[in-house]
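Read through the structures below before going on.
You will see chain A twice below: alongside chain B first, and alongside chain C after that.
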Partner chain A sequence: MRQRNCDFVGTTMEVDGQSTLSLREFGCEQNLLSRPDGSSSFVQGDTSVLAGVYGPAEVKVSKEIYDRATLEVVIQPKVGLPDCIKILQTGSLVMQCQHLPQDGSKMLKMGSPIWNMDSRVKERAREQCVRETCEAALLSTLHPRSSLSLVLQVVHDDGSLLSCCLNAACMALMDTGLPMGCLFCGVTCAIDPEGHIVTDPTAQQEKNSRAVMTFAIDSAQRRVMMSSTKGSFSVNELQQCIAVSQRASEKFFQFYRDSVRRRYSKTL
Partner chain B sequence: MSDCLKEKVGEVLLPGDVFSLERKPEKVICGPGLRRNGDEILVCKSGIFRHKHPNMYWIDSQQKRYVPAKGESVIGIVTAKSGDVFKVDVGGSELASLSYLAFEGATKRNRPNVKVGDLVYAQFIIANKDMEPELVCMDSCGRANGMGVFGLGGLLMKVSLGLVRRLLVPQSALVKELEKVFPFEMVVGLNGRVWVKAQSTQHMLVLGNLLEGCENMTAQQRHAVFRRVADSTP
Partner chain C sequence: MAAGFKTAEPLEYHRSFLKENCRPDGRELGEFRTTTLNIGSISTADGSALVKIGNSTVICGIKGELATPPTDAPNNGYIVPNVDLPPLCSSKFRPGPPGEQAQAASQFIADVFESSEVILKEELCIEKEKVCWVLYCDIMCLDYDGNLLDACLIALLAALRNVQLPEVSINKETDLAEVNPDRKRHLNVARHPISSSFAVFDDSIVIVDPTAEEEALSTAMMTVVTDEDDTLCMLHKPGGTSLSSEKLQDCINRAVTRNREVGKLINTVIQSVKTHKPLMFSLYKVMKTKMEEPSGGSSVKGVKGDTA
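Right, the complex of A and B next:
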C-alpha cells in the first residue's frame, strides 16, 4: 500500500504575463520504488525521468574520498545500452575503424559507432552537470568515506531533459533524507529565431530554436548553480533568460513544498 | 528566537529553510535534520518539525537508510568473525565491530556462542562519521539488559525508520492496536529492522504485512484493517 502523491499543477502556467513564458504541466511522485533508499519520478509535459538514490553506502577503496561522500550519477537512456557497456563497445569499434581501408562503402558502417560516441559524450556531459549541481547542494562532508549513487532513467524525452533530470534528482535526494544545504531546480529556456524566450520547451521547440540554455537555480538565494548552453545568443539575452528562469524557479520550489507537505500529511 | 521556532512546530519544512537568531539567542538543542550555521539554524532534511519541552527541536523524516548514532539500539546481522571482533551489518555505510568481550559474562576463557549469520540486538557505544562504529551487547553495569544473540524462530523484516520510531514511542497507539490482533513478541531496532515471533508462520507474515501497510495509513484506515485481520485470522 504505497502512497501516491502525484501533484499535477493546473494547466500551463504563466510566469511572466506573456503567453510564451509558460511552463508545461509538471508532476512528481516520491518514494515510489522499494529497493533504493530514495526515489522519485518527475514529469514535465511529456518529458519524464525516474530517479533512484542509494546511500550513504560502502565505497570502493579506489573511489574513497577521506573527507566527504563520493557521488556518482548515471543517466540511463530510454533505449540502448547503459553507459559502461557502450564505452567497451565503441572502444572496440573505433579500433576496427582504424584498420579499415579508407573506402566509402565501409565508412558508411562507421556511422553507428560514431553516433554512439556522440550520444555518449552528450550523456556524460549531462551526468557531469547533474553531479556538480548535486555536489554543491549536498552537505557531503557529513558522510565521509561513503558512496552516494544517483541513477536517472529517462522514461521519455520531449525536450528540457536536463532540467527534468535535475528536478527528479533533487526530489530523490530529498526523499533519501541526505543532508542538503539548499534545494535546486532546473529550468530550460529556448530562444526562437524571432528572439522570443520560450521556457520549458518541447523537443520540437528546441529543434526550431536558435539557442537552448538550462540553469540550475538554488532555493536559498535564487542564484545560478549550473548553466549549460547551446547555440548563439547575446549577453543581454543570457541575462534575460536567467531572470526568467529565476522567476520560473519560484513555481518549482512552491511545488516541491506542496508535494512534500502532501507526502507527510498523513503523519502530521 | 524560540518564538520563531515554536511557530513552525508541526509544519513540514524543506532543506534550505533557515531560522535566523536576530536577538540574543536562548539555549536551543538541535536534533536530527537541523544544523547551526553561524547565527542561524539551517534545516537540512525534509520532514515535520518537532519540539520537546523545554528547548529540543528536530526534524521527523521518513527515510530508509540508517546512519548510526551513539546510544541507539539496533538489530545487526553477524557477517564475519575476525580475531576477537565480530563484524556486524547494521544497514549503515560500513560494518560495525562487536567485541567478543562485550557480552554479559564473557571472559577470555568463556567466549560467547556467536556464529556468522546470527542476529544480535546491540547498542552503539561509538558512532560518529570519522570512526568505525562499535557495538556492545551489555549496559554500563555489565548486564545484558535484553541485548545479545537472538534465539531460534521469528521473522526479521525491514521497515522505514519513521515507522520504527512510531513503534518505539512510549504507549504507542500502533503497538496497542497490534497487540489486540493476536499475541506476539517483537524486537524493534532503530535501524529499521523489526523481528517478530508469533504462534505460527502465518501470523508472523500477517504481522509483517500489517506493519508495512500501516506506514501510510491514517488512524481510521488502520483501525478498519486491523479489525478485519483480527476477525479473519484463526
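Right, the complex of A and C next:
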C-alpha cells in the first residue's frame, strides 16, 4: 500500500532585470485514487486538474502498434459531456439539440448558428497536445503492443489550464512508474496590452491579454517540447516568453524533485 | 534494390538522404514543393479556391448565409471553418465521424482566425441584433500527401479573397432582409496569415513541407503562422521532441520568406482574375480547361521555395 503524497509550494517572486516571474501557489497530490495505476491532482492557484493513468494494459487490436505502446489521452471538461444533450438558450428561444457523435465537428444548423466551434473540438486539440508531449517523454518502446490511457478531469479552470493538465499528466505518469526519457512541465505566459509578460495567468488575466502562449519544457535540456499560442505577437516577444518559461520550469522541476525526495525518503 | 530498401527500412532510407542534405524527392531540406493555386473553382459557392502543394490537394468552398447575430455579441457575424478528411484522400482516414486529425485541423484554422483577425467579425454584421452573415468555410482534402495545415490555410485565404457577397438591406416596413444579387462586394481581408510546416527528424534535422511519408517518420511536427508584417499569429507544436530556441528562430525566418512567396502567388492569381473582363475570362476558362485544369477560374503555378 502506497502512501498518499501531498506537497504545496508558496508563491514565488523573483525580479530579474526586465520582468517579474511570479507563479501562483501550486501544489500536487499523488496516488490519491485507488483504481488507477497512477494518479495525481495538480493545483495552480484556483486551477485544478485530476489525472489518472491506466496501463500498461491490453490494447484493442485496431489500436495496436507493433513496436510501442498506444497512448490515449482524454480530457474531461468540468461542465458538459462529450455526447450528451445540450440545452442552449438563444434569445427567447430554447432549443434542445441532440449532439450526435457522428458529426463531432459539424455545427448545428437549426435556425441560427448556436456556437461556432463545438467545445469538444477544443478538448480534442488540447488532448492532442498533451498526448504528443507524453509520447515524446515516455519510453513507450519498452511496452510494445500495450495500451496506456491517461484521463484528465478538469476540476476547476481559472486560467493556464493546458499547463496544469501537462503538470498533472507528468506527475501521474511518474506515480505510475512508467519509464520516461525525461520529465516535462507546462508553463503559460500571457502578454498584457502594455507588453508585460505575466506567467501563470488567471482566467481574467488571460482574457485581458493580447496573447497567451503555453509551452511544455523538457527537464533534460530545458527546450520547448510543445507550444500552443493564441493572439499575435512579435518574434522578440516569443523568445522572451520562452526564456521566462524556461526559468519558470526550474521551479516546477525543483518542486518535482523535492516532492519525490520527500515521498521516498525514510525519515518522513 | 532501392525500392526494397525503402519498404524494409523506411527510416534508414530517409536518413541516408538527409545525411547528404537532400530528400528522396530531390528537394533540399528547406525547399517547399511546387504550390499551385486556382481560385473560383466552384461556381456554386460564394468563394472558392483549390490548392496543390506537391500532391497534396485541398479545396475550399465558402457559402454565405443570413442569420441572427449571437446574443452575447450582437454586432458580430460568424465564421465557421470545418476541415474534412474523407477516406478518399488517404487510406489513413476511415469513413464516419471526423477523426482527431480533422478536428485538430478545424480547431487550428479557427484559432488562426481568432488570433489574426483575418476578417473583422463586426464587418459581417448587417444590422445590429437583427441580421448578419455566417460564412461556412468548408475545406476538403482531395489528396493527402502531408502538410495539410499549410494547404488548408492558403485555400481558405484565397477563397476568402474570392468571396463576393450580395448587398443586403433591411426593409423598414416589413422588417425583413432584402438581398440585392446585382450588387456584390468583396470581403475586406485585413491580414494575410500564411503557415509553414516543419518536421523534425532524429531530434535535430528540421525539414520544411513534409510529405505524408516524412510526417509519419518524423519525431515532431511544427507549424508557424506569420502575417505580412512578420508578426507571429501562431506557433503550433503539438508535442514531439523538443527544439532549441535557435532552431525555432530558423523556422520562423523560413516562415517569413514563405509568407512573401505565397502572398505574391495569391495576389498574382487574384490579379489575373480581375484583369480578364467577363468575355475574356470565359475564354481564358476554356483555354485553361483544354490545357490542364478541369475546373474554371484562374490558376498560377509557381512558388517553389528556395533554401532556408
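Simple rule for what comes next: the second predicted complex is superposed on the first by the 217 of 268 C-alpha atoms of A that agree within 3 Å, B and C clash if a C-alpha of one lies under 4 Å from a C-alpha of the other, contacts with A are read in each partner's own complex, and residues count from 1 in each chain.
As a convention for this text, contacts are C-beta pairs under 8 Å (C-beta built on N, C-alpha and C of every residue); 3 or more make two chains touch, one makes a residue touch a chain.
Treat the numbers as computed from the prediction; the structure is a model and nothing was measured.
Novice: For A:Thr133, using the defined touch cut-off, is the partner it touches chain B, chain C, both, or neither? Pick first, second, both or neither.
Specialist: A:Thr133 sits against chain C, while chain B stays out of touch.
Novice: Is it chain B or chain C that touches the larger share of residues in chain A?
Specialist: After superposing on chain A, more of chain A is contacted by C.
Novice: Applying the touch criterion given at the start, work out whether A:Lys122 contacts chain B, chain C, both or neither, answering first, second, both or neither.
Specialist: Only chain C; A:Lys122 stays clear of chain B.
Novice: Which of the two partners, first being chain B and second being chain C, lies in contact with A:Met213: first, second, both, or neither?
Specialist: second
Novice: Figure out whether A:Arg223 sits in contact with chain B (first) or chain C (second), or with both, or with neither.
Specialist: Only chain C is touched by A:Arg223; chain B is not.
Novice: In the overlay, answer first, second, both or neither for which of chain B and chain C A:Val235 touches.
Specialist: In the superposition, A:Val235 touches chain C alone.
Novice: Quick check on the superposed pair: does A:His196 touch chain B, chain C, both, or neither? Answer first, second, both or neither.
Specialist: In the superposed model, A:His196 contacts neither chain B nor chain C.
Novice: Of the residues on chain A, which ones does chain B touch that chain C also touches?
Specialist: 218, 220
Novice: Provide the residue numbers of chain A that touch chain B in the complex, in ascending order.
Specialist: Residues 1-3, 31, 37-38, 55-59, 139, 142-147, 174-183, 218-220, 256-257, 260-261, 263-264, 266-268 of chain A touch chain B in their complex.
Novice: Inside the complex, what are the residues of chain C that reach chain A?
Specialist: Going through chain C, the ones touching chain A are 67-68, 71, 78-80, 82-83, 96-98, 100, 102-104, 106-108, 110-111, 114-116, 134, 219-220, 222, 227, 230-245, 248-249, 252.
Novice: Under the touch definition given earlier, write down the residues of chain A that touch chain C in their complex.
Specialist: For chain A paired with chain C, touching residues are 90-91, 101-107, 111-113, 116-117, 121-122, 124-125, 127-136, 211, 213, 216-218, 220-221, 223-235, 238-239, 242-243.
Novice: Under the definition above, what is the set of chain B residues touching chain A in their complex?
Specialist: Those residues of chain B that touch chain A are 10, 12, 14-16, 18, 33, 35, 42, 44-48, 60-65, 67, 92-94, 129-130, 162, 166, 212-213, 215-218.
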